[in-house]
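Here come two complexes built around subunit A, the first alongside subunit B, the second alongside subunit C.
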Partner chain A sequence: MTASSSSGGPDAASARAAAISVASRARTSGWFRSQTSRRLGVGYLLLAPAVLYVLLLVGAPFLFSLYLALSDANVGEPVASFVGLANFRAALESDVFYIALRNSIVFTVVAAIFKGLLGTTLAFLLLQPFWGRKVVRGLVVIPFTLPVTISVLSWKWMYDSQFSVINWFLSRIGLVGSYGSPDWPVWLGQAHLALAACIIVNVWRSFPFSAIVLLAGFTSVPTEILDAARVDGTSFFQRFRYVVVPMIAPILLIGFLFDTVFTLSDLSIVYLLTQGGPANATKILPVLAYQVGIQAGALGRGAAISLFLFPLLLPLMILLLRNLKRRED
Partner chain B sequence: MAAPRTRRQKEIRRHLWIYGAITPYVIIAVFPIYWMVITAFKQNPDLYRMDVFPLWFHMAPTWKHFSYLFTDTNYAAWIINTMTIAAWVAVITLLVGVPAGYALARLRIPGSENLGISVFMTYLVPAIILFLPLSRVVSMLGLQDNWWSLVLVYPTITIPFCTWLLMGFFKTLPTEIEEAARVDGCGYLGALVRVVLPVSVPGILTSVIFAFTLSMQDFLYGLAFVAPGDQKPVTVGVPTELIRGDVYFWGSLMAAALMVGLPVAILYNFFLDRFIQGITGGIGK
Partner chain C sequence: MSDTQPVQTDHASVNRRRFLKVAGGGVAGSSLLTMLQARQAPAQIKGTTLRILQWSHFIPAYDAWYDRFAKEWGDKNGVKVRVDHIPHLDIPARMAAEFAAGAGHDIIYNGSSILTRLYYKNLADLTDVADAAGKKYGGWIPAAKSLVEVEGRWYGLPIFYILAPMLYRKDLFDANNLKYPDTWELARVAARTLKPKGHPTGIALSQCADANLFWRSMFFSHGGTEAEPSGASPTLDSKELREFLRFAKALFEEGMTPEVFSWDDASDNRYLASGVACWVHDAISAYRTTEDTNPPVFKNTFLGLEPQGLPNKRVSVAAPNVWMVWKFSKNQGAAKEWLAYLIDNDLVGMTESRGYNMPYLTDRYKKPMPVIGTDPKLQILQDFPKIVAFYGYPGPSTTPIQEIVNTFIFPDMITRFCRGQSMEEAIKWGVGEYRRIYAKHKGA
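== the complex of A and B ==
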């Protein structure tokens, strides 16, 4: 910061007559340099706490989880020894791991399809001008805004084995028999229904999010372009396919990636509804990692299981990163 | 005379069509909340009946599920815990996120775009990968079974998100305000504190709301780090403590859920557009 005076001074003294302009330029560049370094100094200073927090509580734990996964760490014993890839091997040799992996993928893919369908149709409806649109929008986003544990509780009560309000309706309209009959669905107690029940809650929770992200995309398409396409005689679906979708592709991708990352790594819905049961029918990787790592106390094995999520998440995160970067330019 | 009427009829028909199509969505979205409300106010004998229409009262509504929460459970403590945790998280988030967002948006740091994106990406590192190592960190600091552990870890979610949000917000401010402040002799920090912060109240308020609501969305950290019944935040306490073994007291469970869920949903709703903007990076209105 003191560089400006020392670099500008001698310069001006040695070439007094000829180089007033040079001197002043030197002084300017020195001043500029000090301004730059001061600006950067302040900048890095302001940035430091955020970078430190993230490095210490996200970066370091992530590396630490790699270390845990390679050790036989337990909740009870603080001293762990290196066991190499034994935890990963143990996971790959257990049947439950494959069940959890399959359930995770089925859960995420099936839920994504329904969120896409419901989200797109809802976004189109919300795009239309109609009376009370704001109120309707406020109502349909409620599932997304409620704290997850709160809404899951409500669903658990709706899925009650005896007093399920869903079953009450189904039996009244004749789709299922009355309570006690063989086709009375026990939502959280029967293998296929239990997985479906968890997917339903995830879809219910997230389709408004898909719709709102899509809506933000749709409204960002300039109407002039759509009008021009209409004048050219394109059909609604042609305009959607060839004008709207390419234009909002980045936003679609961001919404999709976000939702997939959160769906894959979420424990709360399944844990609160079924704890992975019945008979592992709803066991997904996050639930397995929690049960092994915390409930059974095998930190190392739990960390290894949770790290299996990483290869699933990494491509999504790289895609997202590239997308965000491109949009910054 | 005929033309306006048909246009009006057309308009009405269009509206009917839209309402018809959107009603199922509204019902699907709102029904669990309605079911929560009606359950919270029903007397127990009214709750466990299969012979009557379940969506309305068949006995007088009651407040007793609500009063039970405050007299017989830790509900009040959970609410206080949650509010205190969220307040601390909001303070930490602002102290860290405002300077970082400002530096990334305005101080032309080399590589600031990449830095901003990397900070934001940590928002996506799932808790399920971090909770086991963080449980070690928490116990090393002696914070296990104490809600202070949550004050420590929730900013890992809120700082990335709010820094990103604030960065976007600062970018929308005109640069002239800082230039004017600097002409008047302010340094970078002086300009930030004296002229930028006062015009950034909406952005800061949004960050506070999201620090509150994001930390209330957590389940895993609360479940893994805090076992004692009186230390839990409300969104963890309700589903884990109000259930005795296999017995569910649905009336009080739904009352507890309602009292937390509704205010959060309403608060969130007001700021939803900013949330979406934060995620999609400013596209859309």
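== the complex of A and C ==
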């Protein structure tokens, strides 16, 4: 501080005037320079990469697939013309589409039920203290981390119509007949067995993921709350239903959402096991879209078929996200 | 329909740009012809790189030879050659990706599903190479051009096809007084006789390439056709189709098991090699697999010509293999040179593939052919070129046919009937799908 300012002379007066002028400038230039606005600015700046990422990697492909679905684009034709809803109409006129739609729903729902049951059981098992728990926790993720082609081709061998190790085992314990007998299951050749076989591989591959999500949730529940519930005389299922589930609901919902999206859009398992056969018995929408759009070259129709996944997923996503928001509030 | 619309050309207006284009093209074409005839690579390909994408052959030794052979050619001509192999089912997706990116390999392979019609506007015109090879080797077998020709130009080079004979167990046939399966009816009798004795038969009836090929052979041999000779419209709905379906279902019920609904392209190889099958209709990879894995069964495995459906009616639908050059390729000269060289050496390829790769050029059928001509059991394959056909028979492999093939409509129709749907319902579905796809392409 200078001598003049401390004395309260003319300099002090000018400083006061300057302070008043700064305040008035701040008022006149709006809220842009306020702390809140700066905080918001930094916030948006930090969010920008994520928004850009979503726009580029989700929004742009979605808009592009909309464009394709409304055009007569094919794989070898760079110029496509607008055909309105013709591709959607063509899909709705084909009964293979309805088979694929039904299979997609059955596939997703049945797989979700089994993944939920097995995932919860596994998560509880992994919570228990036992020797080698860390190793087992590491091993359970193997199905999820193995390259899908390798694991599915291994399953294809296990389901082989002639050399199936599953059938060999079932035959040895007397549950099915020997090879060549009528009750020898042909896993990928009988309609219901083929769909079940695809679901089994999907469940095998994905339930460790569900278990790990649940495990993360379970370990986040404070033990004091569980102890208090135990003191109040609650049973294991009551504690699970009324204490654990409400507390980890956001994790459960997000996990469920991810899993549903992954399952419904999963092309690889069905494609590698059956290509959608026999006679479309295992055809799901992504496989149909791939065959029509890429293999047969009708990009517009393939895009239209794949877009039918959107109205299937949208209500579920809205429901889950609204539930999540309500819980946050 | 997109396939049959001719390119509009205006011959009246020859402006300066057009003159230069035509003259330039002529000079380039004639120099290429000279170069092809001289069998010497031009200096301008020296120092370039040639990238080739193709399938992983069912005979792995062929891939090893091909890669080595391509490299040797590259070394001789100063071209760096890179060959990538991927499973044949992944080729369409890869092709779409390369087209969308406008970059990738210079030469791209198509096997089984041939996509020349879909991409021809984006493929290099290989008519000059095809004409030169045709002149040199006595012309192409009739079915060859149906795979690659669009509006009079060749947009791909057929280098080999994979045919499918009857492979039958002579020991089992002899022991049961069964006749050589020269007709489908005799094959059915054998299947019916030997299934109760633990030796059923099989042709894949799933969504795989074999199912698309072999049931079509049976259908066409029964007098059926898939499209008009021009390829303009489908001709599936016919009394021949009904006859064929009746036969196919009887053959399935009497001689096969539901295993065929789950088969992939290699299942029939394993079926024969395991000693279970009394006959399979397959490529000679089944013969080779048996040779490598089960010598006693191999000793008794014999080959037959495509069985007749009607008297003297034999049509064998083969798996075509075609090489194409992208228009965006910056090394079309080297690509054409390599393909011409490969055609010159297709008999070497046939040897290296253990007789698997059948050539498309007439002179190549001079007996004895390599490998198959010297093996008494395989000699019969030398008589196949006259009866070979491809998808869309007797028409060309058009865009609608390619879509039909890739969505497995034909085998699915048979599967529906064999699994219990009524014949008319199965036909209504199949014919409906054919018409819908043809109508879509007509409107395009």
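Before moving on, here are some points about what is shown:
Assume the second predicted complex is superposed on the first by the 256 of 329 C-alpha atoms of A that agree within 3 Å, B and C clash if a C-alpha of one lies under 4 Å from a C-alpha of the other, contacts with A are read in each partner's own complex, and residues count from 1 in each chain.
Quick note on the criterion: contacts are C-beta pairs under 8 Å (C-beta built on N, C-alpha and C of every residue); 3 or more make two chains touch, one makes a residue touch a chain.
This one's a predicted model, so the numbers in the text were calculated from it and none came from an experiment.
Among subunit B and subunit C, the chain that touches a larger number of residues in subunit A is B.
In the superposition on chain A, contact of A:76 is made with subunit C only, not with subunit B. Contacts of A:244 after superposition: neither subunit B nor subunit C is touched.
By the document's definition of touching, neither partner reaches A:195: not subunit B, not subunit C. Within the superposed three-chain model, A:94 lies in touch with subunit C and out of touch with subunit B [touch as defined at top]. Of the two partner chains, subunit B is the only one touched by A:68; subunit C is not. Applying the stated contact rule after C-alpha superposition, one finds that A:294 touches each of subunit B and subunit C. By the document's definition of touching, of the two partners only subunit B reaches A:130; subunit C does not. Once the two complexes are overlaid on the shared chain, A:163 sits against subunit B and subunit C alike. Contacts of subunit A with subunit B, set against its contacts with subunit C after fitting on chain A, overlap at residues 156, 160, 162-163, 290, 294, 299.
Taken together, the subunit A residues at the contact with subunit C in this complex read 72, 74-78, 90, 93-96, 156, 159-163, 180, 186-191, 194, 274-280, 290-292, 294-299, 301.
Contacts from subunit B toward subunit A in the complex involve residues 14-15, 18-19, 21-22, 25-26, 28-30, 32-33, 35-36, 39, 47-48, 50, 54-55, 95-97, 99-100, 102-104, 107-110, 113-115, 117, 119-122, 124-137, 152-153, 155-156, 159-160, 163, 187-189, 192, 213, 216-217, 219-220, 223-224, 235-236, 238-239, 248, 250, 253-254, 257, 260-261, 264-265, 268-269, 272, 276-277, 279-281, 283-285. Residues of subunit A that touch subunit B in their complex: 38-40, 42-47, 49-51, 53-54, 57-62, 64-65, 68, 118, 122, 125-126, 128, 130-131, 136, 138-143, 145-158, 160, 162-163, 165, 168, 179, 204, 208, 212-213, 215-217, 219-220, 250-251, 254-255, 258, 261-262, 264-268, 271-272, 285-286, 289-290, 293-294, 299, 302-303, 306-307, 309-310, 313, 317, 320-321, 324-325, 327-328. Residues of subunit C that touch subunit A in their complex: 92-93, 95-96, 99, 113, 115, 118-122, 198, 205-208, 257-264, 267, 270-271, 274, 276, 399, 402-403, 406-408, 412, 415-416, 419, 429, 433, 436, 440, 444.
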